[in-house]
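Labels for the chains are A, B, C and D, by order of writing; each one numbers its residues from 1.
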Amino acid sequence: MAFEKYDFTPITQSIHQALIENVSPLLTTIIEWTIIGVLYLLFIAVFGLFLVYAERKVCAAFQQRLGPMRVGPWGLLQTIADFIKLLMKELITPKSVDKFLYNLAPFIVIIVPFLTISVIPFAPGLQSLDFDIGIFFVTAVSSVGVIGVLLAGWASNNKYSLIGGMRSGAQIVSYELSVGMSLITMVILAGTMQVSEIVELQRGGWFLFKGHIPALIAFTVFVIAGTAETNRGPFDLAEAESELTAGFHTEYSGIKFAFFFLAEYINLFIVAAMATIVFLGGWMPFHFGDWAAFNNVMDFIPGLVWFFLKVFGIIFLIMWFKWTFPRLRIDQILTLEWKYLLPINLFNILLMATMVLLGWHW
Amino acid sequence: MGITSKKEFEKNDFPVLDSYEGGSIILTQLDALVNWARSNSVWPLTFGTRCCAIEFMAVGASRHDMARFGYEVARATPRQADMIIISGSINYKMAPVLKRLYDQIADPKYVIAMGACAVSGGPFYYNSYSIVKGADHVIPVDIYVPGCPPRPEALLYAFLQLQKKIKREKNFKKQLKK
Amino acid sequence: MAEFSEKYIITDEIKADEYLVNIGPQHPSTHGVLRLLTRLEGEIVHNVEPHIGYIHSGIEKMTEALSYPQIVHLTDRMDYLSAHMNNEAVCLCVENALQVEVPERVKYIRTIFDELQRLASHQLWWCASGMDLGALTAFFYGLRDREDILDIFEETCGARLTLNYSVPGGVMFDIHPNFQKSVKAFITKFRKKLPEYDKLLTDNIIFQNRTKGVGVLSKEDAIAFGVTGPTGRASGFSCDVRKHHPYSAYPYIKFDEKLGTDGDSFMRWKVRMDEMWESMNIIEQLIDNIPEGDFAVKMKGVIKLPEGEFYQRVESARGEFGVYIVSDGKKNPYRVKFRSPGFSNLFTINHIAKGWKIADLVAIMATFDLVIPDIDR
Amino acid sequence: MKRGREIVGIVGKRKPDSVCKTSQRFDRMVNKKNKVKGNKDIGLSVTSRNKEVNLAQSETNQAMTNEQLIEQLTSANPDAVVKQGSQYPEITVAHDKLHAFMQNIKSDSSLAFDYLVCETGVDYPEFIQVVYHLESTSHRHFMVVKANTENRETATLDTVSDIWPTAEFHECEIYDLLGIRFNNHPNLRRYFLDDTWGHPLRKDFHDDIHVVER
């Protein structure tokens, strides 16, 4: 098809070939790791800052304001200024904290997006790790973040932090279930856990349309649970500003606070990316039945653009939640998960399994 | 000295480069970069005592929108804030709390005394037994904004003045001299 | 200098599973410098002890050295969101004591200003409590519409917040020629905007879950604790001073006292939302009928009240505001007491927040609409 | 809106009585109109209480006039001092009989003063006076009760916080600012100031350090 010309595989392959012909295989691996590491680091830094900027602009639009305007054109450099400022700011370690855990916590939190991002295919051939258990890996690794949050809450020796950490723990452990189960629903449909294969299977049509009713339910549940898992409003109890000042990161200043801040936005990206891959066909263009002309035009748009368009759509949706809804209470959040989402999910898995078994999908 | 042209205004606006005689280029430029970042991203602490707090809220709201200047993210915890806007009077019971809040803010930190109460005690200067006669008795103040309460525009002007003040700072040279 | 020691005054002993959390003096949900010493077990509130005095400015002592027109200007620094009602209370008290009959025009102007101020105050309450509940956009919507009222204030009296518009004997100056036009324009505009507020929060399922049935204050408790204003009326306590002891132009107009039944956070919310509609009705009844005449009566250069004691009640935006003046015949009062609505309202917190979660405490605080300088004076 | 024009008749220099009559007439007209139209009310569960408001009627709502009120109180408490010609009915009670008197006027169903509007203290040269503004929510009486302490140095008075819970907090304020100790008070503490301060609302309070006199 037309969009195959945007495949990144030849580029990566040629780099790999060039390296393996000139240096030893061990050195090749090390060099490739370094390149990928640097690229991901750059991506996370730049994209994280851009998401912060986007959030500010989106919330400003919702609130009938302009948002950042003065720093750079349209305030584009605003978050860079913020980042440099946070980098240069004093790092306070309060006297009574558990110093080792206090310093460790932000790093654990920031490691999670680095791990999860590795299985995400941005475009054909632009993926660093292609397991056969990709989906499983994402669900497993993304729950490490809660340890960082709990540590931050515990080690800060602050009651607000502790309450925030505990809330976050209860919340993320619960919503992990929903995220996992809604993904499993789609894995039943796909028949594989390999991320690249899941994307490839959607060449004929996105899973959201292929799986119709159960897929729609799974998508809704995934977006709700994903919002909760990233601690974003209306589920931002862990850092509920009006109750707990800043929740688990109350005592953090400077760049350590920036780590929490950045991790939140990258996690947001990962949730949106997973939703894109599993439900909306990853980098696959939008096709409509037999409309060949329409489909060709769609194919003309590169896969990378398709991927980010979808991701931004979902990120915008999640931002919309945050700036519209009031915050839930902790018991209401747990009620929502255990009494509504989980039974719906279990039923949905059954429905999907029946459907796949009887072949009632497109 | 009157400002006649836009160019001259801009020159007055960025006195950074003029004020460095000699010194190494890299550190000067680094200083300029850091000051640019700091002056454009001053996060205030959500701290309001009296009527001026309402005007402070009005500055944050849609019509005046202080987010345009990068003052957007009002943090509730002093660890992550850069600036206190003392909006309202401080009394002798509050003074130790204010001092503590100021100490909890990570360096660099700035203070704006907003309104007559914070500047000098304002209407409570005479005959009041509990009001501190000006917040600068407790913590150092960078910018004073008069008015009871000041208009939002006055506070916005104070923000711009604070930006100018931050741009004059010398961070790295000081450390070198030590 | 007298030193302030930070003491924890705890009425009864802390139990094994409980811990203390100091909410305030600097905390986003306290709306100022209020300190709530909260005893929690997990997230559940066992006891709340409000500690006030962090913004105490001794206004009552200061008034003993001031003349009556000067006192008026201190009152709007107390409850700055119902500044005009406070001004009016002192003016009415002085006028009552001197047996001065103010012109009809003044009564109308004062009442319109009262209701505009009430609208502005309720708007600010709406946006601040929306923020407390986590809906940040509400904060901006409320302040956006509030600016329109502030423009009207500014046009007539030059101030946005602390109006200083009422003086003993009338108002400071006549209304701006545009006043009626801009008020009418505002009412027309705000009648369209107010349903937006309901759409954003009142009809929201999360919001209703957060507030319905939370922090119930019974009618008996409301009366016993002296809880007035919309907070008391939400419990069914008919305490509207405008109805029961009408002043200014309130006897001439027809309006409803909004009474709630449940006394929970949602009802307090609802009563305030309904009061906004009612305030607009009141303004509409008056705005076209402002009679011609003087905007003030000529008062003596030095106002001296006759010997005696005078008490004047007005309905401020958050309850019954009272001024009690003891005069010994001199130009300064002997003693002035301001009965602030917030003071009585605040101390019911412990009574109704017990057993609820810490997030509910914030919701209850939000719907109580506290202004701390009003409590501390 | 139409409501603005409904009360045009009251503009001018008419006396309150005539105002009431006209407004009642207008109200009747409005009610008729509203029956057809249906008044727009967003309050779903808020009950609107549309009572005719005027000064005269709110007085007739009272179960008894001020004179009757004073008569009943003085007959029960012959040694109470009644002040004549004041704004509201005013009674001064001896400090040792205060608590019993207060309990009586709250529990007596014909008086039923269940709402303590305001409680405050005034410092006089010989004694400190505590002033209670009371209202009955059922009868709509309003009354002022006063009680004097024996002296200024050891000013004590019985608490009424067991009768009206709101008094607990007002009494703390009075204790803070005027230094009256209330007997049997559950939690008497200083609200605004610290123990090292004097009582600022007393007339002999002088503070050369903090106060700038003018």
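In this text, a contact is a pair of C-beta atoms (placed from the backbone, for glycine too) under 8 Å apart; a residue touches a chain by one contact, two chains touch by 3 or more.
As the structure is a prediction and not an experimental result, all values here were calculated from the model.
Listed by label, the chains touching chain B and chain D alike are C. Contact counts per chain pair peak at C-D. Averaging the CA coordinates per chain and comparing them to the mean over all protein CA atoms picks out C as nearest.
Comparing the centres of all chains, each the average of its CA atoms, the largest separation from chain A belongs to D. One finds 37 Å separating the Cα centroids of chain A and chain B.
Taking each chain's centre as the mean of its C-alpha atoms, chain A lies 46 Å from chain C. Distance between chain centres (mean CA atoms), chain A to chain D: 61 Å.
Taking the mean of the C-alpha atoms as each chain's centre, chain B and chain C sit 31 Å apart. Residues of chain C in contact with at least two other chains: 1-2, 4, 27-28, 53, 56, 58, 61, 65, 139-140, 144.
Those residues of chain A in touch with two or more other chains are numbered 63-65, 241, 245. Shared interface positions of chain D, i.e. residues touching 2 or more other chains, are given as 192-194, 200, 205, 210, 213-214.
The touch graph of these protein chains has some other shape, matching none of line, ring, star or complete. Here the touching chains pair up as A-B, A-C, B-C, B-D, C-D. Across the interface of their complex, chain B is touched by residues 56, 60, 63-71, 75, 77-78, 80-85, 88-92, 241, 245-246, 249-254, 257 of chain A. On the side of chain C, the complex with chain D involves touching residues 1-5, 9, 11, 51-53, 56, 58, 60-61, 65, 96, 104, 187, 195, 198, 221, 223-226, 237-239, 243-246, 250-262, 267, 270-271, 273-274, 277, 281, 284-285, 287-289, 291, 308-311, 313, 320, 322, 324, 326, 334-335, 337, 339, 343-344, 347, 351, 376. For chain B in complex with chain C, the touching residues are 45-51, 53-55, 57-58, 60-63, 76, 78, 88-89, 91-97, 101, 123-124, 126-131, 148-149, 151. Contact residues on chain C toward chain A in their complex (touch as defined above): 19, 21, 27-29, 43, 130-141, 144, 200-201, 204, 206-207, 209-210, 357-360, 362. Across the complex, chain B is touched by residues 1-2, 4, 6, 25-28, 32-33, 53-59, 61-62, 65-66, 73-74, 77, 80-81, 124, 128, 139-140, 143-144, 146-147, 150, 160-162, 372-373 of chain C.
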